[in-house]
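A, B and C label the chains in the order they appear, each numbered from 1.
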Amino acid sequence: MLRYTLLRILGAIPTLLLVIALAFVMVHAAPGGPFADDRVVSPDIEANLNTAYDLDDPLPKQFLRYVGGLLRGDLGPSFRYVDRSVSELIGGALPYSLMLGAAAMSLALVLGVGAGTLAALRQDSVLDRLIMGFSMTGISIPVFVVAPALILLFAVKLKWLPAGWSGAPGVGRYVLPVVTLALPQIAYIARLTRASLIDVLGRDFIRTARAQGLGTATVVRVHALKPAMLPVLSYLGPAIAAILTGSVVVEEVFGIPGVGQFFVRGALNRDYTLVLGIVVFYASLIVALNLVVDVLYGVIDPRVRYR
Amino acid sequence: MSRTIKASAVFLGVVALLALVGPWLSPNDYVTTNFEKLLAPPSVGGMHFFGTDDLGRDLFVRTMLGVRVTLIVAIVASMVSLVIGVAYGAVAGYVGGRVDAAMMRAVDTLYALPFIFFVILLMVAFERNFLLIFVAIGAINWLDMARIVRGQTLSLREREFVEAARLAGAGTTRIIFRHIAPNLVGIVVVYVTLTIPQAILVESFLSFLGLGVQEPQTSLGALVNAGVGRMESASWTLLIPAALLALILMSFNFLGDGLRDHFDARQAS
Amino acid sequence: MTSFRAITALAIAALLVTWGCSEPAPVAGNTLQRGLPSDPETLDHHKARSVQAAEVLRDLGEGLAAYTATGELVPAAAERWDVSDDGLTYTFRLRDGLKWSNGDALTAAHFVAGMRRLVNPATAAFYAQMIVDIENADGIVSGDIPVSMLGVEAPDDRTVVLRLVQPTPYLTGLLTHPSTFPIHPGAFETHGDGFARPGKLVSNGAYRLDAWVPGSLVSLKRNPHYWNDAATSIDAVNYHVVVQNAAELNRYRAGELHVTSTVPTDSFAQVRDEYGAQLRIAPYLSVYYYGFNLTKAPFSDNPALREALSMAIDRELLAEKVLGRGERPAYSWVPPGVHNYEPPRLAFAALNKQERERLARLRYKEAGYGPDEPLQVEVRYNTNDTNKRIAVAIQAMWREVLGIEATLINEEFQVLLANMRAAEITQVFRSSWIGDYNDAHTFLSILQKGSPANMPRYASDEYDDLMARAAAQVDPERRRLYLEEAERVLLSDHPVIPLYVWVSRHLVSPQVSGWGDNVLDYHYSQHLSLKTTD
């Protein structure tokens, strides 16, 4: 197992290097620079800034130095947040992003599977049509429309929930962002669950179970739901991507200081190190988590062989 | 085929047609500004069927243009993803073995990448050119296609007609493109139909970030984004493009789902 | 399945990370909630560069001089100052018993240390050019002269002496800028460059830093050691970072903010109707302009063409219809309202619309263009709703009056900047300038030859000469005349098309009193007070 783990880590290195190189080339290819401003500084000051941030060197050398820093776990200083390091910024923003994403995903799973199951059991009923209609709408309206509309309704008009995030007390400030982010995912998952459950319910082993006199609830809970969940599980990959995209919008609109917002601002301000840091961080996190989970699977289920 | 599919197909056909010929139904064009008629509400008599925007430009013509641009972006992006995905998936599935394992491992890795970040970087780095939007969006979407095509190819590979071709001395390339690819058409069509709405959403997301198409061109995403700020004061600037966007997305989804069911049923029989 | 495992692990990681991650509790009671349109990049007042950071820093720190709520310059940390007859030596007398937020005594040496750090090349301060008129500042920034040679001295604990290379009548205005504030040597030495954080930052203004979540919130608390603490009414200030203007408006409407940083374009009319007196609009020391690239054809040797393009624009229509938020049409480069300055106006300003358009067509023809040979021109602007509206409107005006075929190119801000600086592919570009201090020099100096902000690459010996003469004047009246003459030369050369003067727009809650409108759009929290309704 140790050998397997080591091999996997070695295998991940080229991928990560490729990602870093790609991102590095792209941020530096972008016109402008971190110190460009319509308030143009004098050449002397610009020279001082370039020296302070080692931007004088040729790009390959900068790249090597960056990778060298990475090996020591150093993501470098941020160009815009002049007295902060990238690690500090990501470390500060990550909890908010993860919390938002995890909460939205959990909500989407619970509501999506629930609604989908309900719709499948009452196939072609009014309830089914309502759920499916709602879910189609949920998929079809962009997050950047839903978010301001929810704010207008629940914060400005009804004043039930805070409109903004900063300084608002307690859990209330998470409600609208999480719901906004979860909505399209609830819709997708409900549709997947319904389709899959209808398919499973038509199979022989369910008919057998029913024939044995088991109630619908038991049949669904014990026999049908598990196989019906497979398509839902395989959807979770794209769901991560969707949540990541959605959270950029949600963080912008609600003013949540998460990683997505830092990325977008960083890209627009040419904060080279911050942008690179976030890309590198996300890529390595996903690679590392995959590895950890694979290894854990092996521990839990001995049938999994390492090759 | 169910009524929903038919209705979706008809709706999409009508919308596409309108996007093509719609601008001629109105005396206006999409660039002319009119500072006497800023944000005029929709009226048939005033010849602004969908009202005007904050520069007094006719929203009917601009919406039709937006639909056109959005559909083109989405379709071309889907084509990009189709070409890459089908080629990649078919090769992996047909060649099999270590090559397949390696190629699919690569797809898994790519799934792990924060793609949207790369799209943003691309947009920032190479300014916004229209072509690039297609390519960038297509580049995100080919992974699903590759997986599905690979799965299909794996099963097709074992079928008699492929075996026959192989025995007749056909090369790998010929088999993939002559014998396997045509049999993938059904599933590919279904997935393209489902990829298009995703591409439309990505386009609107880029518009939200201000990284979308250039003025005076527009897209549904750009129109919706412009309308969001006037949700209360000039609701038609939001409602009309948003409704169209939603209906188009729904139609593609219904169509895709319906075709998939249809296709599955045919395969099962 | 791989993805399922990934998300499970992500969720677990999320829960672990969020464990124990808590927010500073918002201060209740007498707390002012202000909107801030972007994150302060740092609260190190020497390294900060954004207007937003400066706004927060004016609450945290204090310079030798400051502004009142309505924009009058008043002594601040200094109680008075004297200027030598040649205008080259300023002697400031500090108030008695000044203290830092930790209770330490604030002495003249701390002002010297602050300005030395500002020009020190190792600091790489963005605003080092702020005090370029002080002796040796230039040479220190370029690394040729040691920092200790800066013409700033502290002969005793309460006296700061500044020696200048030329009379600089706006010097005291510069000293309100956070980059000239003093630095607490202890805090800086203990914590190094990371000294500007909650718990570390020692400041000398009406407030001290309490908490800071980057990208979200900066919280300040009253500084009891501030010399004028008795006059400070509000106990705590929360600056909320709200990047989207529409989101900021929603927060105001939901009662979460007392003061907004702006009002979104789209909702302006609605806000005006709904909030009336809560909407505060004031001219802003700024000019929004289109620049010509004077290094390339077609604009390099064709002043008639430049004049024609400038004349064909209906600035009243732009300001009233296209913008309609209180902006004023600009007929001069220096905006009106500048201290001791009466800007000359473009020659055609007195003509009516018909006359202007007729004259524009005449000039256009003189320049060698006409209906058969229309000018084809590219207009670049950075992606933004207002810029788009202006560009589309100007494109239409040029088409209607002159038959010009203009192509609009919107670029991301950084891209536009890079293109303007290169001056290779640009033809007409959008830009703007915001005054750093209340003097015509802040506008006129950028169009001198060699100025890094001279985007059109305007180079006129006559103009530069008049500017040099103005700089040498001690007498404010004579200086003013030279500056005005310089602008007259500038306006007749048409290197730029001044379009309109920005306005500052704020929503200010009826609970807030003490708000004052001013051209610099500075709003010190210490001038405000809050009526608690409940």
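In this text, a residue touches a chain if its C-beta (ideal position, glycine included) is under 8 Å from a C-beta of that chain, and two chains touch if they have at least 3 such contacts.
What you are looking at is a predicted structure, and each value in this text was computed from that prediction instead of being measured.
Participant: Among all other chains, pick the one whose mean CA position is farthest from the mean CA position of chain C.
Facilitator: B
Participant: When the contacting C-beta pairs are counted for A-B and for B-C, which pair yields the higher total?
Facilitator: A-B
Participant: From the C-alpha centre of chain A to that of chain C, how far is it in Å?
Facilitator: From the centre of chain A to the centre of chain C is 37 Å.
Participant: Using mean CA coordinates as chain centres, what's the chain A-chain B distance in Å?
Facilitator: Chain centres of chain A and chain B, defined by C-alpha means, are spaced 22 Å apart.
Participant: Round to the nearest whole Å and give the separation of the Cα centres of chain B and chain C.
Facilitator: Taking the average C-alpha coordinate of chain B and of chain C, the gap between them is 43 Å.
Participant: Multi-chain contacts in chain A: which residues touch at least two other chains?
Facilitator: Within chain A, the residues that touch at least two other chains are 30-31, 148, 152, 237-238, 268, 286, 290.
Participant: Could you list which residues of chain B touch at least two other chains?
Facilitator: Within chain B, the residues that touch at least two other chains are 111-112, 124, 127, 228, 232.
Participant: On chain C, where are the residues touching two or more other chains?
Facilitator: Where chain C meets two or more other chains at a single residue, that happens at 2-3, 6, 246, 412, 414-415.
Participant: Any idea which chain C residues touch chain A in the complex?
Facilitator: 1-11, 13-15, 17-18, 21, 25-26, 33, 38-39, 41-42, 44, 47, 49, 121-126, 128-129, 132, 138, 141-143, 193-194, 196, 213-217, 219, 238, 240-244, 246-247, 250-251, 253-257, 412-415, 417-419, 421, 431-434, 452-453
Participant: Under the stated contact criterion, what part of chain A meets chain C in this complex?
Facilitator: Interface residues on chain A, with respect to chain C: 30-33, 35-45, 47-49, 51-53, 80-84, 89, 92-95, 98-99, 101-102, 105-106, 148, 151-152, 155-156, 159, 162-169, 233-234, 236-240, 252-258, 261-262, 265, 268-270, 285-286, 289-290, 292-294, 297.
Participant: Could you please specify the touching residues of chain B with respect to chain C in the complex?
Facilitator: Its residues touching chain C are 31-33, 35, 38, 54-55, 57, 108, 111-112, 124, 127-128, 210-211, 214-216, 226, 228-230, 232-233.
Participant: State the interface residues of chain A toward chain B in the complex, per the touch definition above.
Facilitator: 15, 19, 22-23, 26-27, 29-31, 136-137, 139-145, 148-149, 152, 191, 195, 237-238, 241, 244-245, 248-249, 263-264, 267-268, 275, 278-279, 282-283, 286-287, 290
Participant: For chain B, which residues are in contact with chain A within the complex?
Facilitator: 109, 111-118, 120-122, 124-127, 140, 144, 197, 201-202, 204-205, 208-209, 221, 224-225, 228, 231-232, 238, 242, 245-247, 249-250, 253-254, 257
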